[in-house]
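Every chain is named by a letter (A, B, C, D and E) in the order it is written, and numbering of its residues begins at 1.
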Amino acid sequence: MFLTDYIKTVYGTLGSLLKGMRLTGYYFTHKKEIITQQYPEVRPVLAERFKGEVVMPHNENNEHRCTGCTACELACPNGTIKIVTKTEVNAEGKKKKAIDTFVYRLELCTMCNLCVQACPSDAIIMANNFEHSVYDRRQFTKVLNLPGSKIMEGVE
Amino acid sequence: MISLESLNRALQHWLQSTLGDPWAYLVMCVLVGLAAITLFAVLGLALVYMERKVAALMQIRMGPNRVGPKGIFQTSADTLKLVMKEGLTPDGADKFLFNFAPFLVMIAAMLVLAPIAFARNFQIWDLNIGVLYVAAVSSIAVIGILMAGWSSNNKYSLLGAMRSAAQIVSYELSAGLAILSIVVLAGSLRISDIIASQADGWWIIKGHVPALIAFVIFLIAVTAETNRAPFDLAEAESELTAGFHTEYSGMKFALFFLAEYINIFIGCAIGATLFFGGWMPFHIGHWEAFNRVMDYIPSSLWFLGKTLFLIFLIMWFRWTFPRLRVDQLLNLEWKYLLPISMINLLFITLMAILGWHL
Amino acid sequence: MTNEALKIKMEGLLPGAAFEEGTAWLTLQTVPEEFKAFATQLRSDPDLLFDYLFCLTAVDWKTHFTVVYHFSSTVYRHTLVVKVKLDKNDPAIDTVSELWRTAEFHEREAYDLMGISFTGHPDMRRLFMTADHVGYPLRKDYEDPVNMIKL
Amino acid sequence: MGATSLLILTLAAVVFSAGGILVSKIFVKATHNPRKGEPYECGIPTVGRTWMQLQVGYYLFALIFLIFDVELVFLYPWATVVKEIGWMAFVDILIFFFILFLGFLYAHKKGALKWM
Amino acid sequence: MLEEIGTNDQGDMIINIGPQHPSTHGVLHLVITLNGETVKKVEPHLGYIHRSIEKMCESLNYRQFIYVTSRMDYLSSHINNHACALCVEQGLQLEIPSRAQVIRVLLDELTRIASHQLWWGALAMDLGAFTPFFYAFREREMINEIMEETCGARLTMNYIVPGGLMMDVHPDFQRKVKAFLVQFRSKIHEYDELVTGNVIFQSRTKGVGILSKEDAISYGCTGPTGRGSGVSCDIRKLYPYEIYQQLQFDEVLEQGGDSFARYKVRIGEMIQSMNIIEQLIDNIPEGDFQAKTKAVLKLPKGDFYSRVETARGELGVYIISEGGTTPYRIKFRSPGFSNLSALDHMSRGGKIGDLMATMGTLDLVIPDIDR
């Protein structure tokens, strides 16, 4: 009785161990199962929704859609966005508020997408870029509107 | 045909004729020392690389592939990194023992090389109690580990060292009994005799099931004695961070690391010698033609191939199994391996007396 | 037990209790002096068997503190919320950690972050903060010019 | 090569280890500060002494090991001559193992083989 | 004789495990009293990653505070967000479009599988087997890709807003989820071969870290930890939220109370989660993914409590509102916190190795405990 149990234990042990070894052995001999990719050579294919950083798209005339309404600034939980506005006088002599600088601090951003959701004029979007590392963290403070850019016609 | 044996003989002959007796001997000694050092370095680099590749493939990864073609210089680069690291000695440590321990471990690993037959008639010292010598000297390494753990003045190290001592002390027994079962069959402790006794077939084939059991037990014991997973309790990183070598850094750590791999090599070399005929090519009884063909493969390759195969098995274990707990480890030894190997030895004795082996 | 039945039962157990209206779970308020005996009843009464304390927290109401206990029973699956009003200057209440072991950590948390002392707790120490930390972060009047950033 | 090889190999090991350590000494500029010299315990200072008496569960194992290892040493000369002696050797070893096994059972029964 | 030494206090060793330790999965600091190798006492020291999320939430409005909760239990971040949204919706008495409900549940279950897969690999690693980790990540990667495609992030999704979802699912969502199901079903036998059936693994976990049913309730252990001890505590079954009432799935219960029971519960839960996903994936109703909400959310005065089942157990979100745009006080009843409190009780008398196995099967996520 004791002996049969004993032998059964030994047998079962070896069996279960061999089962595991068969699995690892399978992967050892099947190179095609390798799933890792070589990163800098093989670029990852990112989904278009991937939230990498906030950018402000400009068209070819260096125009953006931001009205400076600060909805994104209010929506941001972290104070990532700082909008400095200025008053512009347009052709008809009307005073109009416009953005001076759209400051975006990447090091504070958590990619929560709330600013993009809050924006009434779709001025900012999430870009896919994920390689953010820099040597100086001051480089993380970015100005999103390009120098000399203007607001697009028809965007209120 | 160029073989290590003829190379060795030619070298000896040339030295004798040019330098004369005492000088030739001295140069030979220096050459042996240099060869041993080279072997250590090369083995260490190659085995670590092999381990990383084996692990990677089993883990559906590629493993090192950046430094050199297929990453073969990765381990050299790692060694270089370790050389560049500061070898720290903790303030509270017993400085002498702390610095002496890696030396001891290395000396133990180096000494075991003496009786190993790397190829036909290529052996540093073919002493008549070769197997006993190996069993005896290899256990010196425990003292080194115990020393390292104790002198570090670190609680993880201490626990790791204690575990290691308990473990190696226990598995020594079943390793010894497994070795003995082949000694019974071969009738000699001399390694060259044991290899010669396998000229008509390896013991693992000639010895039937009992030899196979002895082999399995030997393999388990070697895995345990070299502190390899699933028996790596001495350095169980999920429990004791790094166990006995927690405090070691830089070159001193590298020496421990190297010694571990050398010990695996030696354990597997002994295993290959005992069960797979060492450098002896694959022979079947008296099939002269077949045996002749097999002899064309150099004996050093046979030895290396068998040893690497056993090393691969041990690596395979490591990358498949979880770690045992410390009391289970001892249970396994005292409740399973030791009784089984004792009974197995009885069977082998019967076989030897009745001449049932081929 | 339904909320109504629980309410009748509670009125029997704790005559002076004030019930809150319009809550999903029966919510009652009591005073620290009566709480311990009441809690013991909740735990052991065969009709109640509130064996599962799934939430314990404290609220700083500026004028006073409230400790909120969420009890549930794994047998009857009814839930009860008990709020205990504590003094502003010396918030102290009896521990329930021997009745519900989970309270041991939750009470330490409340002590650490709100500064409520639970008398009779076996190990009343800071849990998250360092032992020499001054002040209780979750209190409304807590100020920490170094670690708190105003946006 | 004979026993000289032991001396050579020991020397080789010492040269190898010392060489490695020395080479790294040349390249590395060692600095020291008290925090660096602390024992590593996950970043927390060690509580109490490290070199303390501690309850090691296996001292009994060590004793049993000693017994068994001595027996094992007796077995080495026996093993070499089994074939020559034949049946007498088998009977010998049976008796030997029987006694050993009794002792083993006794140790097992006394709970000496349990890790404390 | 041995017992005498065992009770002698002189031989006790106090050792720190963590915060910089491979098996505490983060910055958990345990002070362990050892007698030889036997654990006599485990004392968790917390707070290394305490960010006072509850305090932070007091200054964030009801749309903003949800994202912070992703950082609590980062492995079930979607479920955390879900719990917060539920609590806000309860206060606003919002009706959620059924499409949003189904997608929320689908992603919940995907998150649960992903979390359990990571746990499986990490547990094996705690016990000294490295390889399972990579096999687990192979399938987990598929879920991550689905998440990335739909939510835009792999770990801290922030996909849920009060009233529904931030955006609709990706058109590829259904196809990818189905591909994942096929892949995972064909690979789950590997989990058994490599770990579950392994003799060493079983002997490391069976009878280790035993938590009785009474203790589990008393310690407030929920999730797989509670169910491994036979406590029926699945919020999805007991207090169904969203559409869980209409779904066919079993609450996985084990009576053992040891590490192996907890292990089996989690493995069973992965299969149950797959069942749920299979029921839903072809039946995502058409319609809006978001209910109409005001731009500024204000909860009425009062207390709101919502409970959901995360991968680790019951997460309670307790909001006390004063009628403003931000919560007056918010409390997260995190599952890990209660589960951890039982660790001392469970690991006493075991070995250090047992402690690791127990901790591994508790599936602790430290930010969830520290918050």
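Please note the rule applied: a contact is a pair of C-beta atoms (placed from the backbone, for glycine too) under 8 Å apart; a residue touches a chain by one contact, two chains touch by 3 or more.
On a predicted model such as this, the values are computed, not experimentally measured, just so you know.
Contacts with chain A and chain D are shared by B, E.
Taking each chain's centre as the mean of its CA atoms, D is the chain most distant from chain A. When each chain is reduced to the mean of its CA atoms, the one lying nearest the mean of all protein CA atoms is E. When chain pairs are compared by their number of contacting C-beta pairs, B-D comes first. With centres set at the average Cα position, the gap from chain C to chain E is 25 Å.
One inter-chain figure worth recording: chain A and chain C are separated by 41 Å, centre to centre, where each centre is the mean of the chain's CA atoms.
Averaged C-alpha coordinates give centres for chain C and chain D that are 57 Å from one another.
Residue positions of chain B touching 2 or more other chains, listed in rising order: 58-61, 155-156, 241, 319-321, 326-327.
In chain E, 13, 15, 21, 37, 131, 138, 194-195, 198, 200, 351 are the positions where the chain touches two or more neighbouring chains simultaneously.
Within chain D, residues 41-42, 46, 54, 56-57, 115 each touch two or more of the remaining chains. Remark: chain E residues 13, 15, 21-23, 37, 124-131, 133-135, 138, 194-195, 198, 200-201, 203-204, 351-356 touch chain B in the complex.
Within the complex formed with chain E, the residues of chain A that make contact are 12-13, 16-17, 19-20, 22-24, 35, 46-47, 49-51, 75, 77, 110-114, 117, 126.
Touching chain B in their complex are the following residues of chain A: 10, 17, 20-21, 23-25, 27-28, 31, 33-36, 38.
Across the complex, chain C meets chain E through its residues 22-25, 27, 51-55, 57, 59-60, 68, 70, 74, 77, 81, 100-102, 104-106, 109, 113, 126-130, 137-138.
Taken together, the chain B residues at the contact with chain A in this complex read 54, 57-62, 65, 316-317, 319-321, 336, 340.
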